[in-house]
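Contents: one structure, followed by commentary.
As written, the chains take the letters A, B, C, D, E and F, and residue 1 is the first residue of each chain.
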Amino acid sequence: MQNILSKTFSTLALESPTAGVLMVRLNRPNRLNAISTQMWSDLKNCFNAIKTDGNVRSVVISSNGKLFCSGIDLKDSTLSAPQSDKDIARKGYYHRLSILELQESISAIEQCDKPVICAINNGCIGAGVDLATACDIRYCTQDAYFIVKEVDIGMAADVGTLQRLPKVVANDSWVREICYTAKKVYAEEAKTFGLVSSVFDTKESLEVNALNTATLIASKSPVAIVSTKHLLNYSRDHTVAEGLAYNALWNTLMHNTADMPEAITSFFAKKSPSFAKL
Amino acid sequence: MQNILSKTFSTLALESPTAGVLMVRLNRPNRLNAISTQMWSDLKNCFNAIKTDGNVRSVVISSNGKLFCSGIDLKDSTLSAPQSDKDIARKGYYHRLSILELQESISAIEQCDKPVICAINNGCIGAGVDLATACDIRYCTQDAYFIVKEVDIGMAADVGTLQRLPKVVANDSWVREICYTAKKVYAEEAKTFGLVSSVFDTKESLEVNALNTATLIASKSPVAIVSTKHLLNYSRDHTVAEGLAYNALWNTLMHNTADMPEAITSFFAKKSPSFAKL
Amino acid sequence: MQNILSKTFSTLALESPTAGVLMVRLNRPNRLNAISTQMWSDLKNCFNAIKTDGNVRSVVISSNGKLFCSGIDLKDSTLSAPQSDKDIARKGYYHRLSILELQESISAIEQCDKPVICAINNGCIGAGVDLATACDIRYCTQDAYFIVKEVDIGMAADVGTLQRLPKVVANDSWVREICYTAKKVYAEEAKTFGLVSSVFDTKESLEVNALNTATLIASKSPVAIVSTKHLLNYSRDHTVAEGLAYNALWNTLMHNTADMPEAITSFFAKKSPSFAKL
Amino acid sequence: MQNILSKTFSTLALESPTAGVLMVRLNRPNRLNAISTQMWSDLKNCFNAIKTDGNVRSVVISSNGKLFCSGIDLKDSTLSAPQSDKDIARKGYYHRLSILELQESISAIEQCDKPVICAINNGCIGAGVDLATACDIRYCTQDAYFIVKEVDIGMAADVGTLQRLPKVVANDSWVREICYTAKKVYAEEAKTFGLVSSVFDTKESLEVNALNTATLIASKSPVAIVSTKHLLNYSRDHTVAEGLAYNALWNTLMHNTADMPEAITSFFAKKSPSFAKL
Amino acid sequence: MQNILSKTFSTLALESPTAGVLMVRLNRPNRLNAISTQMWSDLKNCFNAIKTDGNVRSVVISSNGKLFCSGIDLKDSTLSAPQSDKDIARKGYYHRLSILELQESISAIEQCDKPVICAINNGCIGAGVDLATACDIRYCTQDAYFIVKEVDIGMAADVGTLQRLPKVVANDSWVREICYTAKKVYAEEAKTFGLVSSVFDTKESLEVNALNTATLIASKSPVAIVSTKHLLNYSRDHTVAEGLAYNALWNTLMHNTADMPEAITSFFAKKSPSFAKL
Amino acid sequence: MQNILSKTFSTLALESPTAGVLMVRLNRPNRLNAISTQMWSDLKNCFNAIKTDGNVRSVVISSNGKLFCSGIDLKDSTLSAPQSDKDIARKGYYHRLSILELQESISAIEQCDKPVICAINNGCIGAGVDLATACDIRYCTQDAYFIVKEVDIGMAADVGTLQRLPKVVANDSWVREICYTAKKVYAEEAKTFGLVSSVFDTKESLEVNALNTATLIASKSPVAIVSTKHLLNYSRDHTVAEGLAYNALWNTLMHNTADMPEAITSFFAKKSPSFAKL
């Protein structure tokens, strides 16, 4: 439960612009924020640390440089089958484990329990879409574009887009069209079909608005917030009946929080509540 | 299978404006239709009775008073952990059962097999959203607004919103934004993102249109209608393959209805079919 | 793995307008493309053959005649309970198997692994909607309309609409409204709510655009394309975690393709890649 | 949370032979304990009351009269399709609900959270097997026999045997043999194949031993006991991974019990712990 | 619904020794009943036909020649990866389909809805175990032995043993031991651990007893019997709650059978019931 | 993929008595092999390393000292709710994570893909049973005993026993009896009910036999062995149909191994096959 700001990640730039809010910037501008072996590892370690750092109540992911993320770094990846003198089956045994490991980096965002707002400017390509769809909220700039690029390198996406994209947007016909054609989707189309919920003129206003939302979230009861994220994720993957049963058990525990009397008392007293960190 | 209109519920006002259509109005106008212990109980009993009352073919839920529903009645609820001298675990054992009981009240709407149209005017707050998302169809007035209010009392929603809201609307980024921030969502935004399917100018036109749709549904074969609702609910919570298998079995039974020859004969004879009640 | 163009189906017209693209036209114009016993059988055989025909990389379903599909052919169907002197249970045993068989015809489209674009002009009624929602991508003409017609013949839909429609569109309130009322939905409304992703002025421009998309898909790596369709379908019916695990295993196998080095080399050499058929 | 001993059930005889232990005896000896409409209702009400009665820590089900249970009372049942002038589909709609209601009576035993020991003497037939397999522990007398009788009245079992029997015993070949043939299974065979865990000479020793086990269970921490039953049931119906996740959440709540320090302190002090009722 | 005895299968010998009972004998004695490409196909066609042949009420699978089944015919199989000049991914696409096809042959036994008794004499090796575990009831001779042979040819079993064996027997430690070691399991051990339910001295008494059980099953209501098999299979793969719900719906349909009044009337009249074929 | 023998674990003693076989001994004899914080961590790290160490083909878990495992070390555990000034909800948030972490240590055994034989001498108590049931094969000495001890410290088991025990043994009545009563189960009873598959006279013969089985497994194709374990685990937690589909895909990949031709060629040449390490 060490404060995450005390850690350093070579491919990520971290800061805390307002209390409880962590800004994580993809930070390989010279490589167009392509995700390298190091960045896969940094993402996992960073979001695993966020999960248990009570100082962090909400997160914004943005980027340094010209565009948000140009996808996997083809010059530094394990995507293609590994070279060795083992047979295909043996190589496959280990290669599958390495794909699962990349998936864990993306899933760490989903599993960190703190809401994550993805602020996308300019390009969001390939693995960038996998990353963005694992976040809770997606905002982008007017000049943003999205490409589910994987078919153009001869493969199906495999670190989350095919699982999460159809569950975050509205129109399955459109989802499949962009997955099969790798076509460029611009900001307005992304908003119309539900890939983002807001579009802003400039990168600056994008970040300001993302931070405002993050700050608003950080002002709420952290018990209520992590519960809400945890339960939305659980319920997405279960029937309504199973979601309700788990939700009831979870809340039975979490109703033992000082935040509820604080919130209710403040409401009747018409003053702002104050919540301890998680 | 007693006619439901012969029953009285102290927090609900019932009438049958057209044959086969039941209008249920939340009826605590002085408390802004906040859901009290009595109303939780009335909702469950009312919708359980609707399930087996063959006279009811479709339902509209509306409200008496200024707004649709102001959420749970904080002055009359079991939401906060119960006070007793038992230890946390023992209290939790019973508290969990009481949350499950509230959930049953909302789920009774989903499980009553008759289509339920929710006609929302003005505010729909907290537990009101849980209730609305358990209905089949949502209409609202131009002045309507929705607030997923629970985080503002220090807790996660736990009687259905986190399970059903993401399954009834289009844009997961927006769902999470309104759940984490408790922000006010107005009618047009609700329609754009799929929370309602129609917006009407006044409460009067809202109710007229909701009743028109309900009356249209009530004119259809009741076997076909309850089957369609039952199967939509089943299929939402199962894979396509499982949904198809169950659907085939269900229809094997229900094809033994007089409604099919009546409908087909009427179609070829170009006359209106007439269907017995369920 | 015989070339499908060497086969003949009496209710379907097949051609290959561009390399790798198969055009399948519903071909009972005199019966308004109502689906007869023969057409159920032809659809199944056709799409099962497409699955193992390496020459086919993408498919367009369109129609000959005035409208796309008028639904099941009531004069030639097994929908109503079969007549025999067996008891209801015994008849039911066999009737259920015949519904399952119709379902297989529609599901064959979903399971053929090649993307299928549905080009809908004018009417798309009843079983036509079941068929359309089993396709990957839906385009329609400006004059198109959709009717979930089944309640009007006294039954619930049972060959796919109730399973797939809520998973391909955005607004559950709207889905239920059109399923309960059998109301006519026009092209623009269909696009707004996500049932189609593009609307075109004429049947001609509809087919041109559907073929363009199909041709674009056919130019991609067939390993990547069938993998993407297979994995989108698998992931729709599983949790995110299960979808990821299956995706990792599938890609471990499929990364052993010559298409990946071909695609990557071509990308860096700025030339068009060339992929062998599946 | 009224004490269950204050209630009366016309078909069940209740007593509490030792503190925390409830003995429930099927009490229609003149009808060989056949399950009548009244007994279905009494079983549900009895076990629902047990769930919230903190005085009950474990239960023994035995019987008055010559044999344990002769199955459903054919002269007083709703098993055959109901007579009315409705069509088969409409009758089916309500008949299905009545089967679900019978199932709830049996499932109430499983869901009451207190361990239930079934003490079977002499015959256990048809619905008696459904009831027995919903209990936690099964003991029987040397002269006991079991018959999965349903096929002999022209139907498949439908209140639990087909779901639970294969999950409580060892040998699927044997399960299917007794379900398809309705053959009589004697005590030793029942023990060999896992249907019971102990066989006793007489009804008296059967009840003594069942009560001993129940008394032993009643001496344990009630938080630990209801948790164990609840979690065994949950885990039976979920994957190992899902079972573990739910178990962790449940125990997080239940570790807040005074029973744990009491148990551990007593252990180190080598004295008997004393636990408050639930 | 053609009578299956009018069909001929080159690798299977069929006869009907008693009314309603079909004896299917594996019939490649010169190849020790190894399963060839033709036999895979014959098994699927045979059991698919059994499903819809009302004359067949129960089935015995036995064999001609020295032993029951020596496993897959290595000289005539598609088990090893196919030879072609396609890349590993493309070959894999089709190879996977061919494994799925073999699986369908075995699963056809499970899905034929009529109880199948497997009568095993002498060796039952490799694919023979996959076949045996897909049957309902397993009997064997004193000299029988079983080998889960697949690891000895460098692969994991893939047509059913790894799925079904742990679900039909008692002791997971033993299951894994025989799957990892390919050790020979003799009749008594097979009975102790639940792989068979009866052992007989000779092949002759094995077949007599298998036929007796089959004849007994064939004397029961065929509606009750196919329902019981269908529901046991469904319930094995679902939670208890889901199994109960499906069972209730299935029985609602099947209670409309003449077999129930026939059975009940005969019972009270103390005469043998007589049931029409399915 | 570092050789695990180069690592040191303070609470585990490792050696490789025969090629490919790893012996892991619980090594806190002075604390009766109670599982301390360090041992939880060592178990996870050890079995995670085994997963990717191609030199290890099978594992035996045994123990140094008087008994196998006395359960969790109560003097060094996080089982009781942590002490801090946070509220119950906040403490619960972190406490749940710590239970999940203990579960991972046990599940690492299940997920390491190499068969693990548990050799139990004398006592196997509490968490020792969780550990043993996560192994593939269980052998014990004549003097062994098992206690599901958790209820005796006022809690339900939560690191695996309640999930896995019912799936590895035969008789659910017995499972629940030992879980509710914490009664001592001796070796012969453990074998009768399926908790172990073999009982040996002495610890020495126990270890010799466990090593013999492990050595036999290590002589098989490692591709076949890890596949078999992986697929048995997957299939336990899925329907038969899902297990078959995953198995087909897995084997499509793994059939690309040199082990299959090596095994088949050796078989026909009647010589021992030789397999490369994984």
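Methods note: a contact is a pair of C-beta atoms (placed from the backbone, for glycine too) under 8 Å apart; a residue touches a chain by one contact, two chains touch by 3 or more.
The model shown is predicted, which means the values in this text are computed figures rather than measured ones.
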* To do: State which chains count as neighbours of chain A and simultaneously of chain C.
  => B, F
* **Lowest number of touching-chain links that must be crossed from chain C to chain D** => 2
* Rotation angle (°) superposing Cα atoms of chain B on chain C, nearest 5 -> 120
* Copy of A-B's interface among A-C, C-F or B-D, judged by over half the contact pairs being the same? -> A-C
* Using CA atom averages as chain centres, what separation in Å is found between chain C and chain E? -> 35
* Asked: In whole angstrom, how far does the Cα centroid of chain B sit from the Cα centroid of chain E?
  -> 47
* Structure fact -> So chain E residues touching two or more other chains come to 88, 92, 167, 170-171, 194, 223, 236, 249-250, 252-257, 259
* Pairs of chains found to touch, sorted by chain label -> A-B, A-C, A-D, A-F, B-C, B-D, B-E, C-E, C-F, D-E, D-F, E-F
* Asked: What residues of chain C sit close enough to touch chain F in their complex?
  -> 246, 249-250, 252-253, 256
* Inside the complex, what are the residues of chain B that reach chain C? -> 58, 115, 136-138, 167-171, 194-197, 213, 216-217, 220-221, 223-225, 227-229, 231-232, 235-236, 239-241, 243-245, 247-257, 259-264, 267, 273, 275
* In the complex formed with chain D, which residues of chain F make contact? -> 74, 79-81, 88, 92, 95-96, 99-100, 103, 107, 110, 150-160, 162-164, 166-167, 170-177, 179-183, 193-194, 236-238
* Using the touch definition up top, name the residues of chain B that touch chain D in the complex. => 1, 51-52, 54, 86-90, 92-94, 97, 223, 226, 253-259, 276, 278
